[in-house]
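Going in written order, the chains are labelled A, B, C, D and E, and every chain counts its residues from 1.
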Amino acid sequence: MSLVSFIGFALILVGLWGMLTRKNIIRIIIGFSIIDTGIHLVMVSIGYLPGRTAPIINSAVDKAQAASQIVDPIPSALVLTAIVIGLAITALMLTYAVRMYRERTSLNIDDYKELKW
Amino acid sequence: MNTSYQYSYTNIEELLEILVEKGFIAPATEQQHATVIGRRQVQSSDLAFVTVAPEAARHLILDLRDRFGFTHLVLLTAVDYIEEGKFLLTYLLHNYELHHDIGVQVPIGREAAEAGASMESIHDLWAQAGTYQRELKEMFGIDFPGSPRVDEPFILEGWDEVPPMRREFDTKQYSETTYFPRPGRSTNDPADYMRQKLYPKE
Amino acid sequence: MSTDINKEDTQTQQESIRQVVEAMGEYPGAADASDPQLFCEARPKVEKPFRGVFEKFLNWARANSLWVLGFGTGCGAIELRPLMTSRFDASRFGVAGRPTPRQSSVFIIGGYASVKTLKRIVRSYEQMQNPKFVIALGSCTINGGMYWDSYNTINRIDQYIPVDVYITGCMPRPEAILAGFVKLQELIKAGRGEKANEYAEHFDWYKANQKKVIKDWDMPDYNW
Amino acid sequence: METSLVLKIAYAALSLFIAFNYGILLGATTYRIRARVQGRLGIRLYQPYLDIIKNNAKRTSISHGIMFYLGPIFRITGGVGTFLFIPMIYGSVVFSNFSFAGDVLLVLYFIFFGQLGMALGAGEGGHPYSAIGVSRGLAQMTAFEVPFTLAIIALAVQHNTLSITEIIAAQQGGILNWSLFTNPAATAAALIAFLGMNMGNPFSVVTAPQEIPIGPPVEYHSNYLGLLQTNRSIFNSAKLILFMNLFFGGATNLIVMIIKTFLIYMITVIIGVAFPRFRVEQSIRFFLVVPTLIGLVGLVIALW
Amino acid sequence: MVSPIYLIVIPLAVAFFISFFDRLGRGLSLTLFYAGLIALTAISGSWLLSTVTGIIGSEGAIGGQLSQAAGTLVFTAGLEPPLSIALAMGPQEAFFLFFANLAGLGAAVVLGRRMAAESVTAMVLFLMVMLGAQGLVMTLDLFNLFVFLEISSIATYSLIALERSRGSMSAGFKYIIAGGIASALFLIGTIYLYRIAGSLAIADIIAAQPAAAGMAGVTAVFLLTAALLIELKPFPANGWALDVYQSVQSGVVSVIAVVNSAAVLFALYKVFPMLPAPLTNALLWIGITTFFASNLIGLRQSSVKRMLGYSSSAQIGLLISVLALSAMYGWSGRLQVIVFASIFFGHIFSKAGLFWLTEVQEERGWKGWSGPRAAGGVLLLAVFIAALAGLPPFPTFWAKWVLVKSIILQQPLVVAMLLLGSLCEAVYLLRWFGRTVHLRRTAAASWNTPARIALPAAAAAILLTVGGVIAGLAADVEPLMFLPLAAGLVLGLLVWLPSRLQGFIAAALVTAAGALFIPQMQGMASVFALVFYGGGLLMLIATLYKRQDSPGFYPLFAALVLSLGSLIQATGLLEFFLAWEIMTFSSYFLILLGREAEKPALNYATFSVGGAFVLMSGMALMAAVLPPEIFQGSLIAAQVSAEPLLAAAPGIIGQGRDVFAVAPNGFLGGLAFTLIAIGFLTKIGAAGLHIWLPDAYAEANDDVTPLLSAVLSKAGIFGLMLFVLLFPAALFSWFNLPFVLRWVGVLTAFFGTLMAVFEEDIKRVFAYSSMGQLGYIVLAVGLLNQLGWTTALYLTVIHLLFKGMLFLTATAVIDRTGTRQMYRMGGLIKNMPISFISALIAIIALSGVPPLAGFGGKWLLYNALTANNYVLLAAVAFFSSTIAFLYLFRFIYTVFLGQLKIEHRRVREAPAALLLPQVVFILALMAVSMFPNLLIQPLQSALAMFPADAGWQNGTMVSSIGYWNGSAVMWITMSVFILMLLWLLFVQRKPQPVSQFNIVFAAERPERPETTHYGYNFFAPYRKALGFLVTPLAGRFWHRIAEVTGSIGGAARRIYTGNGQTYALHILLFVTILYFLIAR
């Protein structure tokens, strides 16, 4: 396992930890973002092949040899998409946070458990 | 022995003294008529009679029951003192521990039958008092307001005359007019018979 | 264990009785006595006997099968008990006790009758079936006896129901009662035990007498 | 079985007549015996006849309604019918009655016919004591039927038949062939049940004369009562003959029948004189314990 | 054919343009919105049509293999993957999409007012949700799957964010947390799968067999599956979903519960081939556990929507387990279609319909949910609930049958959990329904159903019905078996007619069916057909006495009677069970019509459904263990002619008691029969299983109870007898089942009778009496010889006659006096003479007193018992039959004799409609009593294939041990009776008729009729002596079971604390534990 993916997994765990232990909704969202980042790192690390260049077809890469010179482009593409989606979700969560605060002037997640059982 | 009672006494005189102290009856006086309030009379070492006002009667009876151990109502009856215009009610109470009896006598007004005499009911002190009171109502016309079923007759179903135990009621005359006396009936009253035998002249 | 069951059972019964009482609401009092749906208002009729030997035969049977209503109306009731014992053994005469007036043929008025009892006597008498016979026991039924001037005891029973046989005494001994039964049997055999028809014939007179003393007459004129 | 219908009816009428008179005399005799035990003379032997005549000679009667009127008729139909379905004398054409119509089950259930009709009639009388009496009677009946049924089933299994005639046949040939000896437990159970069936002491609470004046027939009188009394003698005979047939080897002639039934009847008389009265629930418990256990023993004997 | 790409394009385009058009006017944008949704539906529909017909054309049958058969592949941008998005459209995709879109369209209609009122964003988001669903279903690419998943999720979160209700924000936040974790897992899984397979195309990954590639592959697949699974709300990691269901508006919830779930489910379906075996197995258990646990917890829910949420979660769980099962056992084709598609179809439409219906009163708990005002609304509710609970003819019914039948041997525990869960579900749904019906009748607070809800709901209901019927036909059920439902439907459409007219039409229907079918039957079947059709018709006539309308009564009544007929007509186990279920639910709804019937009906439903499930598992097991050739051809038709089937069943022909001793089928056959017997005994109300019976009979309407008791209860007898005759060998193969059956029968007779003695309520008396009488029949069936079965048939017929009379009398009396308490009646003989005669004859017959026909039953029974040395049984039976006298006399005395109450003086004779059937019964009974061979001989000939135990000689019936001549007994009795009557008339002078108070009352006069009538607690001494025997032990036992079940559900739901973090923890723990279970 490469260092990057290790860091990625570590970040995921840290994020999870934050998400599960912090009571403040904003912190939960931050934890969530950390998870996202970790996942992105893991994804990138999967596509990385040592000694190859970025999957950008420019002057540095021979078009014909590209397949053997660049790293796998698909994970990178995936990461891009994932970042976008993660951003959207983070934004949505923050919106929720704002509206929840307006509703009850509290950001403690323990205050939002009237629905249960 | 009777330590469970607030006022302990050992003989009936003592009891009467306590009652005097409490103001129910007068101190020992001359021989008086039974209907005089405050009268006391010791009949024997275990039987005494006291006469109290109707208003005080219930208080006294309750006292006797709860503080002197007279837990048993032996009887409740009435005597018609028509000459004095009074009924004399007698509540006879019994103390099981000392085997004493005390009769609480209460003179009440003897109004005409329609108006009716009246006395406070004690059916809540002794349930069986209701039966006595029902009987008194039926036979003397003494009302005990609140006593259960006090208006129901025991025996005189549909009776519409003066209550028969009142002394103004003439039972012989009533019987003769109502019950078809058989003609030719002769009495053999011992007194008459002896008088005729001994003094045929009179 | 059995007592436990009984106790529990009694409790449940009391509980259920309470429920019924509550469901019934306020007790509405006794039903109307003049309600023809509750009481039959027919008057008694004179039932003609048969004639001749046949009726004699029936009378013989009646005379020898005297079923006495077990209704002790007064102190005389105590004298009736020894009749069934080995000393007197009234069953020799065909006398037997019967607990219900429907099935009885002889009514023994056992002494004094208060007005309250008289009401029940009349009812029971009327519920007996024709032919029926009455034996009046003791002086109280004849002239009031020691209760002659009582405010609540009638003087003469025959003013209210017809009487076949009087037995005097205060009280008459069982032997006297046995003699009364024999007398009654003679009367019946002679065809003179028709007092039930007499009652029906003079019904109005009897009824007027009864109503004179019984003030709260809460039943129809004839109690079938 | 070749007898014509008319003859059969005539025979049945004859045996019915005999049973009726026998029942009456039996009743009077037992009364007299009981009286003699008590040091009395007791009734005349023909007293029951007089009573029946007298009741029928009553001039008035009342009716509470049609069911009240029909009640005694149901009752006597039940009594007569029960009798007619039981063969009276074993092997006799004259006294075989209508036993061809059914087996012991029929008799067992036909007994209820009269009781049910009577209960209905008494019910229409409108008297609460009637209903109380019926309530007690039915309750007690359910209980004593248990040992009785056990006994009859035991016999049926033992002799492998439900037909009364065949049960008698199986008991012929000596006193030791009687069910009384081949299955004493069943017999005992049935006899105890018989006590209940007769409603004598100690099981007489149904008709308790002082408490609920004679129970169900409290409203019956005059001719109705005459019918009921008639039924009583017939029904008594029928029950006795049934017991004799089932447990005491039946009878081959009238004399034997009279002796046997008389003796059976004496059992109830003696017990009745000797015992006080049970309450209903006591008698129910009693029947469901003691005689039922005896009856189970009888079953075991029969199956074994 | 429109390219499937438009399924993606249209929502995108509409969503994009709609905001512009909105400026021009809300009407325009709404039109565009709905047009877009309709277009989606239409396109997917056309694909469904074409693919399905394509398959049918190519293979000649429904089903077939995946998209290759008739589907198409679409590549966006015209490039091959991975450079483009590959979309597939096959029959499965089309099926999922079409119905999901249809449900979405419905939800949009329901949400119409809101869409019109709110900003255009709502419409856009709704379209996005739909778009996500289309993509999820169609895409062939794993990462695309993720993208579409996120699209639909984000759109959903946003939709929830638009909500105004209080809890919705926090619920949405919890949803986001869960969704976030799921997408994280998904991403990790995807990327590792990519690493293993080198491709993102699902087909390539499957081909690469990642699970075989070591731990990493398993983990990757696991993570992927776990992510999808979390979206599918498995127990216990589904707290967030329930909060969403509860708080969000019903229309939106229906989209989440239906469209989203359907799409994710399909995604799971797509990745299923790559799962390793342990994971498949785990999914099976997760699914079934979710089903079981969610339904269990559903029992304790008070909020309607949360309850539906649990149900929804449960159904999805069931679908997951079905997916796992079909992967495990390689199901395909018709089996898969029937099971999976039926459950899916039934789930989405019933759940969507229910959520829509709850929209108006969504805040209320089920206890206060008064339901729609219009009868049609209640009908819709009934349809959805029935569809969800798996009642016929709705799709889930068939699915469950096929499912149970397919896996009963392999996965008995799954079957048990499935059935228990279904039972819980049925209980809480029917409880809700019963309360709604009750509230609707008592309180005025019911609401109008707006057209925007009613129309889609009605469409869903029709779809469910049609789909169900199609599924049924696909399962090879005779169309004739739908006759009861069709009749109910026809009458239901005629509900506007006057009530009496409906009754006449129903009677005509029943008569026609009877006239048509009875002649076709022979033997035993014709006896039962006569009982069912004849009895049903007479009871139907009796109902005409009613003065007030009761909508829905006649449709249900007709359906019930005809379903009883179908029971006989059934030619296979499934058809039998179909008829059985139709009978069950029509009777349940009938009982529910009673005024106070809410609880009793629920009890009835609980026991009926439970019993039906036991029956179903028994039948399935039986089908699984018996040689299949027995099931060739028409099973029960074969039974009619009897020879072939019974000859095939081993050990049937022989002599004496050892006939049935052959036991070739082993434990499972015996178990199957035991289960079947329990199922039928529940219906019969055998002791221990009887506690529903008295209340249901008593609280059903007075005109329903006679049918229930006299006719319906025979269904259980029929079934029991049928199966005893069909599979006699199975009776002994585990333990001596007939022995148990006999004792159950006799104890039922005993306790039923004894309990009847202590009742005050006239209907309860007869309810217990019915129970007792049926006990005798069970006993007779258990005798296993011709005499016993003759007895059973005889008792069946006779019980119809006398119990019909008794209950009709009771109906008349209750109708006239207005009370059911017997002690409040009395002396009615003079007011109701004909009813009295009817009651009299009935009680003589019931008690078995000669000369009436009841004695025949007793005679036969005791002969059969004694001949076989069943002496103890005979004794107990006899004891019970004497106890019967008690309640019979008590009934007739307390009601008709004794003292007439003053308020009942004006009571009149029963209405003619009630008397007519009674007269028919009386005539029939008297005829049978006069000539017993009229009845017994046909019964014996119906059983002629068995060795005869009793014969006839000249009108005398002779068994091996006894004999009985019914006619002679009748003649003798009549003659004696008439003679004695004549004698009395002769000797008696005219009696004086007297009135009711002319009694010898100890020289007193009676006070009032009430105090003179000895009626209350009539058998007090008996209670003292034997009352301890009627301690309601069975009631307590079942009550305890219900309590414990409820408590477990209540305890289980405590894990749903309401805290979003806890939910996240649940999810993580769930995934972790699952992983370790798999990895091990």
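Note that a residue touches a chain if its C-beta (ideal position, glycine included) is under 8 Å from a C-beta of that chain, and two chains touch if they have at least 3 such contacts.
Because the structure is predicted, anything quoted here is derived from the model rather than measured.
Q: Considering only chains other than subunit C, in their present positions, which groups are joined through touching?
A: A, D, E | B, once subunit C is excluded.
Q: Spell out the chains that contact subunit A while also contacting subunit E.
A: Where subunit A and subunit E might share a partner, there is none at all.
Q: Quick one: which chains contact subunit C and subunit D both?
A: Common neighbours, subunit C/subunit D: E.
Q: Give the label of the chain whose average Cα location is farthest from that of subunit A.
A: C
Q: If you tally contacting C-beta pairs, which comes out ahead, B-C or D-E? Let me know.
A: By the number of C-beta pairs in contact, the winner is D-E.
Q: Compute per-chain Cα centres, compare each with the mean of all protein Cα atoms, and return the closest chain.
A: Closest chain centre to the overall C-alpha centroid: E.
Q: Counting only C-alpha atoms to place each centre, which chain is farthest from subunit E?
A: Result for the farthest chain: B.
Q: Whole-Å distance, subunit B centre to subunit D centre, using C-alpha means?
A: Their C-alpha centroids are separated by 62 Å.
Q: With centres defined as the mean C-alpha position, give me the subunit A-subunit D separation in Å.
A: Their C-alpha centroids are separated by 99 Å.
Q: Taking the mean of the CA coordinates per chain, how far is subunit C from subunit E in Å?
A: The computed centroid separation for subunit C versus subunit E comes out at 68 Å.
Q: Go ahead and note the Å separation of the Cα centroids belonging to subunit A and subunit C.
A: Roughly 110 Å separates the two chain centres.
Q: Which residues of subunit D are in contact with two or more other chains?
A: In subunit D, residues 59-62, 213, 218-219, 222 touch at least two other chains, as defined above.
Q: Can you list every residue of subunit E that touches 2 or more other chains, as numbers and ranges?
A: 989, 992-994, 996-998, 1000, 1020, 1024
Q: Indicate the residues of subunit C shared as contacts by at least two other chains.
A: Answer for subunit C, listing residues that touch two or more other chains: 40, 47, 100, 102, 224.
Q: Chain pairs in touch?
A: A-E, B-C, C-D, C-E, D-E
Q: Per the contact definition, I'd like the list of subunit C residues that touch subunit E in the complex.
A: 5-6, 9, 13, 16-17, 20, 24, 28-31, 33, 36-40, 42, 47, 71, 100-102, 120-121, 123-124, 127, 218-219, 223-224
Q: If we count contacts the way the header does, which residues on subunit B are in touch with subunit C in the complex?
A: 155-161, 164, 169, 171-172, 174-176, 178-182, 185, 187
Q: Going by the contact rule at the top, pick out the subunit E residues touching subunit C in the complex.
A: Touch residues, subunit E against subunit C: 823, 900, 902, 905, 989, 992-998, 1000, 1003-1010, 1016-1017, 1020, 1023-1024, 1027-1028.
Q: For subunit E, which residues count as touching subunit D in their complex?
A: 827, 829-830, 836, 840, 843-844, 847-850, 855, 858-859, 862-863, 866, 869, 871-872, 874-875, 878-879, 882-883, 885-886, 889-890, 892-893, 897-899, 956, 961-965, 968-969, 972-973, 976-977, 980-981, 983-984, 987-989, 991-994, 996-1002, 1012-1015, 1018-1022, 1024-1026
Q: Name, in rising order, each residue of subunit C that touches subunit D in their complex.
A: Answer in residue numbers: 40, 45, 47, 49, 58, 61-62, 64-65, 67, 70, 85-86, 89, 91-92, 94, 96, 99-100, 102-103, 105, 129-131, 224.
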